[in-house]
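Okay, got some structures for you below.
One chain, subunit A, links the two complexes that follow: it is found with subunit B in the first and with subunit C in the second.
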Partner chain A sequence: MRGTTRTVAVAAMSAVALLAAGCGSGDSDGDQSSAGGGAEGGEITVYGCNPQNPLVPQNTGETCGGDVLDQVFSKLVHYDADTAAPENDQAESIDTDDNQNFTIKIKQGLKFHDGTEIKAKNFVDAWNYAAYAPNGQYNGYFFEPIEGFGDLQCTGDGDDPCAKAGKPKAEEMTGLQVVDDYTFTIKTTEKVSNLPVRLGYSAFAALPDVFFDDPEAFGNKPVGSGPYKLDAWNKEQSIVLSKNADYTGDWPGKVDKITFKIYQDVDPAYNDVLADNLDIVTSIPASALIDDKYKSDLPDRNAQKETGRIDVLDFAPSSVDPNYDSVEVRKAISMAIDRDTIIQQIFNGTRTPATGWVSPVVDGYKADQCGEACTYDAEKAKSTLEAAGGFPGDKITLSYNADGGHKEWTEATCNSIKQALGVDCVAQGVVDFATFRSQIGDRKMKGMFRAGWQMDYPSIENFLAPLYKTGASSNDGDYSNPEFDDLIDQAAAATDEAEANSLYQQAEALLAEDMASIPMWYGKTTMGWSNNVTGVKITAFGTVDYTQVSVQ
Partner chain B sequence: MTEQSIVEAPPTVDPHDAGEVGEERSLASDAWRAMRRNPLFWVSAVMIAVFVVMAAFPGLFTRTDPTVPVLAEARSRPGDGTWFGRDIQGYDIYARCIYGARASILVGLFTSIGTVLLGGTVGVIAGYVGGWVDSLLSRIGDVFFAIPLLLGAIIFLVSLPDFFNNNYLLIVLKVVLALVVLGWPSLARLMRSSVIQVKPNDYVQAARALGASPGRIIRSHVLPNALAPMIVVATINLGAYIAAEATLSFLGIGLQYPAISWGIDISSAIVGLRTTPHMLFFPGMFLSLAVLAFIMLGDAVRDALDPKSR
Partner chain C sequence: MGTYIVRRLLQMIPVLIGATFLIFAMVFALPGDPLDGKCGERACPPAYAAAFEEKYNLNDPLPVQYFKYVGNLAHGDFGETYNGIKVSDQLKERYPVTVKLGTMAVVIEAILGILAGVLTGIRKGGFLDNLVLIATLVVISIPIFVIGGLAQYFLAVKWGLFPVTVTSGEATFYQLLLPAIVLGSLSVAYVARLTRTNLAENLRSDYVRTAISKGLTKRRAYGLHALRNSLIPVVTFIGFDFGALLGGAIVTESIFNIPGVGNYIFRSIKSRDGASVVGAVTVLVLVYLVVNLIVDLLYGLLDPRISHD
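Now for the complex of A and B:
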């Protein structure tokens, strides 16, 4: 339940999200689940929130809608609930010789909920629709690696870049070709070694023909292909899913009916779980996290798991604010932050101190990449800063979006910096997330600012390339290191996974050398459930694993 | 906002005391005499004095800097090395409560002065001049009166430019401005009706007949005799404005960092309601006591100024 918008890529932990984190004492490995293997059937209710956009997988980049769509749509690839490792779902095979030309065969006989068969063209059409800029699909940028993507983008300026001359040159990407009913090919502009991993993200789901007849009506009652079908979306109240009897995949759900009850705030949802009026709450409010209150409220009915999320502090680009140019100054600031105490006191243990720029949940994670620069040492921080000639400006600023519950930890972080370095540090709230992001995007934000990254797909690449490659979409600090870019390109072209991971790790080590940003902590998700259900497990994405949940 | 429903004519001379001679018995001394006998007055006066000293010289009460936290001891209970414990950030709650008095007293005082000046002036002009001026001013007052205080203040504060967040005084002034803009009409109405009541009195007519200028008549004859209800309401309102400031700060739009305010502290302590309620209790108690003190003082003043209640 991170409010993290996947598109903006950064930062969004909504108020809900802050509350979302769990609590805990660091023993989060081991059994976060109660015993599985319960009976099939029955109904459950789950905490839900208002989807931001119509329920179309290509247009949903936040978890309120995403949690629902994950059940309604199956994808080519399925991520393992525990390890996030990709396995073929609708795909029979995904083959490539050069990481640039991919041949995808889909299983025969798969059906959408309306009974039509899933064919190769359902994928190609959906992807072209999503990438075609005038359609304004939220997840359109996921198709960027595919050849011909640029021709589907608008070129005009102003309020409506798609008007008149700005209209895209083409409506279909040249890199997508339907071979036969069950086979299609993808050609990417550059080598992309982890493309098969990406295909499990909801943006890559197939859409039935009925979608193209009336996309708007479809968004209110989507016809999917997953283990559950959507019965009704009662706006502001609930979203009701029922089991898809025709589901032939390997990951069916156990319960017959899932109702997402929509709440404005997680506190009442939590109270409903205490009263057994709601079955699963996918995040725990801050009020119950303090002193592990939820553990005594919901004994044996809570779970916590590390999920693919990292929070960092970015530095404004040198052209905007040169005060943070020196690597030594950056390292001094990083060493001045007492991550352990902040996590314990502000987050009640629902974060893990970051020791690098990549989340531990993905394959290729290497511990302690940041080294001593991410270890709190007030004296060393001060001496490092003095050796670097002190802080050039009069005060350090740390900006955050004031609508996301970030005030507490930014204030605590600033206090920690202030006490260790003796330099004034001010946490500055920016009124809301949209304003905050646009100030960063326009390169007007000075000083340091917070950024959160929720992985789109479980790959080490997703934590490095979009954030730190020269000119990448979410490279907010305008970090640029040719050596880093080179390693990322090499890794993307590598055919051997181990080799690719090692190259990515080398690239990450460069981030540590340059202190491209300050890693803060990795996220955890905490859930609680009522007496009515059993077998609740948290996936590596922080969602409920519905293949395990059953009614008690 | 409290409003006086019945405005009494100021007492002239109390018949019971008429027999005593040699002592000047002005309205003020009369009120003072009555107030001195009221224990409510003394209780509230002592409390207010303490709060005012707290606001002016917080260093007398604590040597702890309210902006230096000990994060490792965050949420510690009262008595664990500090009088009132520590809050979520590890700030000393006792020091925060002491330093929070300044913002509340300043906002309450400035807002009261502002509303008295603005509302009083408008009320006197409307009441004394009458006619279309009265209608115009009263209707303008009605427009502001119709805006709910909190809603209006939220809109007002959110739309103010960032300039007001520059330093402590400006942050306080911003809240004062919002409350004055929305609070003056009740005092203007009160003043207008008092003035209308005083205006037909013989001594006013006599002064006019003798050729006194309107300014002089208002200054020497109307104002002294019409001021009492406004003083009472302004005093009671002072407490209400302190509460309003805390409410706005609680909502995150009133006072902001670097200002320290009870409202801010209450807001940040709310998550601990079930687990560490002391974080909420102490700033809440200080706020309640301050509001109570001013409302009690207002009550005592009313008792003193209103001869009917004697």
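Now for the complex of A and C:
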């Protein structure tokens, strides 16, 4: 976290704007000259999909709604588009001495799109609302580290844990205190060294007072604080954003209007880009990846960037399928997978072979954590398996959801395993994603199964704790290692960033020792754009960097 | 005739109720609940899951859920999709588009198909007959996503003759023209072959020979007598096909990004979105029933021997 020298200038500018508003006629949409420079104006259309929840930052955890909300809401912290490094945005400063008590000062004069000022209570109210279980907010669990979170959860059980006596004990977390209009404090139950990094995630955005009057109406037309404001959400058709003339932050957009056109499928969107009917498509359909067809279709109009995503093969918990208990067997399977060839032949190079469990885009990434266990070596794989006494079952299974285009690579992976180990390997399709996840959730899925993880915030912790800590929410393989849990806790308490990172790396090394899952590859995002736009850059999150895009 | 129509309309009521229940039960019986795939690769947070289940009555047993649904339906409330959009709004927006597309496809298939069928039926074994035979064979054997994809790439993207996709809710005639041709192409082949075979058969029958021998012009004997009789199976097919096109245009709808019903149903089934599936399919069943009634009434017009009294 580092402050920027630009902060002072911005604060001065907004003070002037404030004065002008005070003396003026109350015309909130005045034509103040837009901040920033370069080619400005015009409008663009971008591939969009259907938001799964109301457009409230505390209630959105998927990219369809998230891509839109990123532009509509600014957060305390902004992640650098290229490196994902956090920088203060709405926060003037975030201070802590002990990683448990944080004091946050916000910049003065920041405004929501409805003209009301952003104050400390807008953050505290929004976070309390999100954490209060009966509100059922998707991102409520992000507030778990804050003191008093437990009292906002429902205590009952049965169908509706929030009914009657099950009502939460409190409505506000004790760990959040408003000091004055521009200052508030956070106290966490345990030490959380990377809390400031997390504050750039949309769950931590401030909400204006109008939200609390009518959350439902707000979800259809959110009033944010970011470089763009939402003009209209035409359900299942389009989402229209226009430039926020009053935006005073450091990351304004260049174009005046962004329209997210909602598609059911990426193929037609790609064809629309070819015909210049759509400006940016944020992924390339499989049909155009074959032989790099998109590169000849869109010469000089495509880009690729590694993003914070990793794909792994999980092992069913021992109680469900004991055949994979042996670490040596796991390592043998991992060594039997020819990642490079599969990536070239199936994905046309749009993945990077994984050498560990943490994506290279985050701070603290250490290469080669998995070591030789993630390096293809058919002979070594076979000898390792033989030394371990062979595979206990009659065949290895690898399950995938059949509706997600995973058939090809899972079959290729199985072939690779079969050839190297001489053990039969079957790729098993489960009819669709809902069924697939329900079998995993109910611990009925045997053998190995695919899993993907997209980071929420750019921290090494986000790739380890939610996935491999004992009892963690996404620990589908029920991995449990007390030493690992201990290292994660220690890292969270470390006051020094380098020390924290080193502890996280030690924890990751334990995953390699136990072969908790098989790392397959890191994700890359590929985009294409039309002749109408220029300057399209991909962020470390796989989204479009709207501070750079302009109309040609 | 009047009593026949009334009777048929009354029959629709139990069919509709039965259909809603069956569909509801089938969606309910699908493995995996709506929350499973909703939160991506991770399990839904408990607070979110509890609120979600409460809102959509997911904790109730099937009959209770069904009666709550039907109760709302009686007030004209189709419920909400799992991403919080009113199903009735979706149906209102999507059905007109789908009906427009289906009608255009049916008109195209009827005109082209019957025309080709008549021309080839009259001159059986001629050059045109063989040409149509081969052409229809080719069309039938190529999957629709290939035809659609190729048509989109060459006619729209490459040569710019048609719009590439339907990009707004108000799909225009021009935007739907290429999708309708693609959608109708397969059926054109069937209609052409059906018409040809039936017509050729009827041309050999006694009544046509009699008509010709008593001095009727060929045009009149063929057009008025033979063709009318030959069209009965064709009309049956087209009526059935219209219903199938409404719900079954999933592939065409995806290729051209048409905000229609087929895609909506498909997506809703995948997300276990009961209210959407039942709402959309119930309307589909209704359309099917009405179209079938119209087809049955048409029989009487084509062949007076078929009477509805």
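Note that in this section the second predicted complex is superposed on the first by the 514 of 552 C-alpha atoms of A that agree within 3 Å, B and C clash if a C-alpha of one lies under 4 Å from a C-alpha of the other, contacts with A are read in each partner's own complex, and residues count from 1 in each chain.
Here is the rule we go by: a contact is a pair of C-beta atoms (placed from the backbone, for glycine too) under 8 Å apart; a residue touches a chain by one contact, two chains touch by 3 or more.
This one's a predicted model, so the numbers in the text were calculated from it and none came from an experiment.
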{"item": "Three-chain arrangement built on subunit A, subunit B and subunit C clash or fit", "value": "fit"}
{"item": "Which of subunit B and subunit C A:52 touches, first, second, both or neither", "value": "second"}
{"item": "Partner chain(s) touched by A:433 [first = subunit B, second = subunit C, both, neither]", "value": "second"}
{"item": "Per-residue touch tally on subunit A - higher for subunit B or for subunit C", "value": "C"}
{"item": "First (subunit B), second (subunit C), both or neither touched by A:349", "value": "neither"}
{"item": "Contacts of A:341 with subunit B and subunit C, given as first, second, both or neither", "value": "first"}
{"item": "Which of subunit B and subunit C A:523 touches, first, second, both or neither", "value": "neither"}
{"item": "Partner chain(s) touched by A:208 [first = subunit B, second = subunit C, both, neither]", "value": "neither"}
{"item": "Minimal inter-chain CA distance - subunit C and subunit B, angstrom", "value": "6"}
{"item": "On subunit A, the residue positions that both subunit B and subunit C contact, one per complex", "value": "none"}
{"item": "Of subunit B, residues touching subunit A in the complex", "value": "68-69, 71-72, 74-75, 88-90, 252, 257, 268, 270-276"}
{"item": "Residue ranges of subunit C in contact with subunit A within the complex", "value": "30-34, 36-48, 50-55, 59, 82-85, 89-90, 93, 152-153, 156-157, 160, 163-165, 167-169, 253-257, 259, 263, 267, 270-272"}
{"item": "Residue ranges of subunit A touching subunit C (in the complex, touch as defined)", "value": "50-54, 61-62, 133-141, 153-154, 159-162, 219, 234-238, 261, 263-265, 267-269, 271-272, 274-275, 277, 403, 431-439, 441, 451-454, 466, 473-474"}
{"item": "For the subunit A and subunit B complex, residues of the former touching the latter", "value": "285-288, 290-291, 293, 338, 341-342, 345-346, 402, 408, 411-412, 415-416, 419, 426-427"}
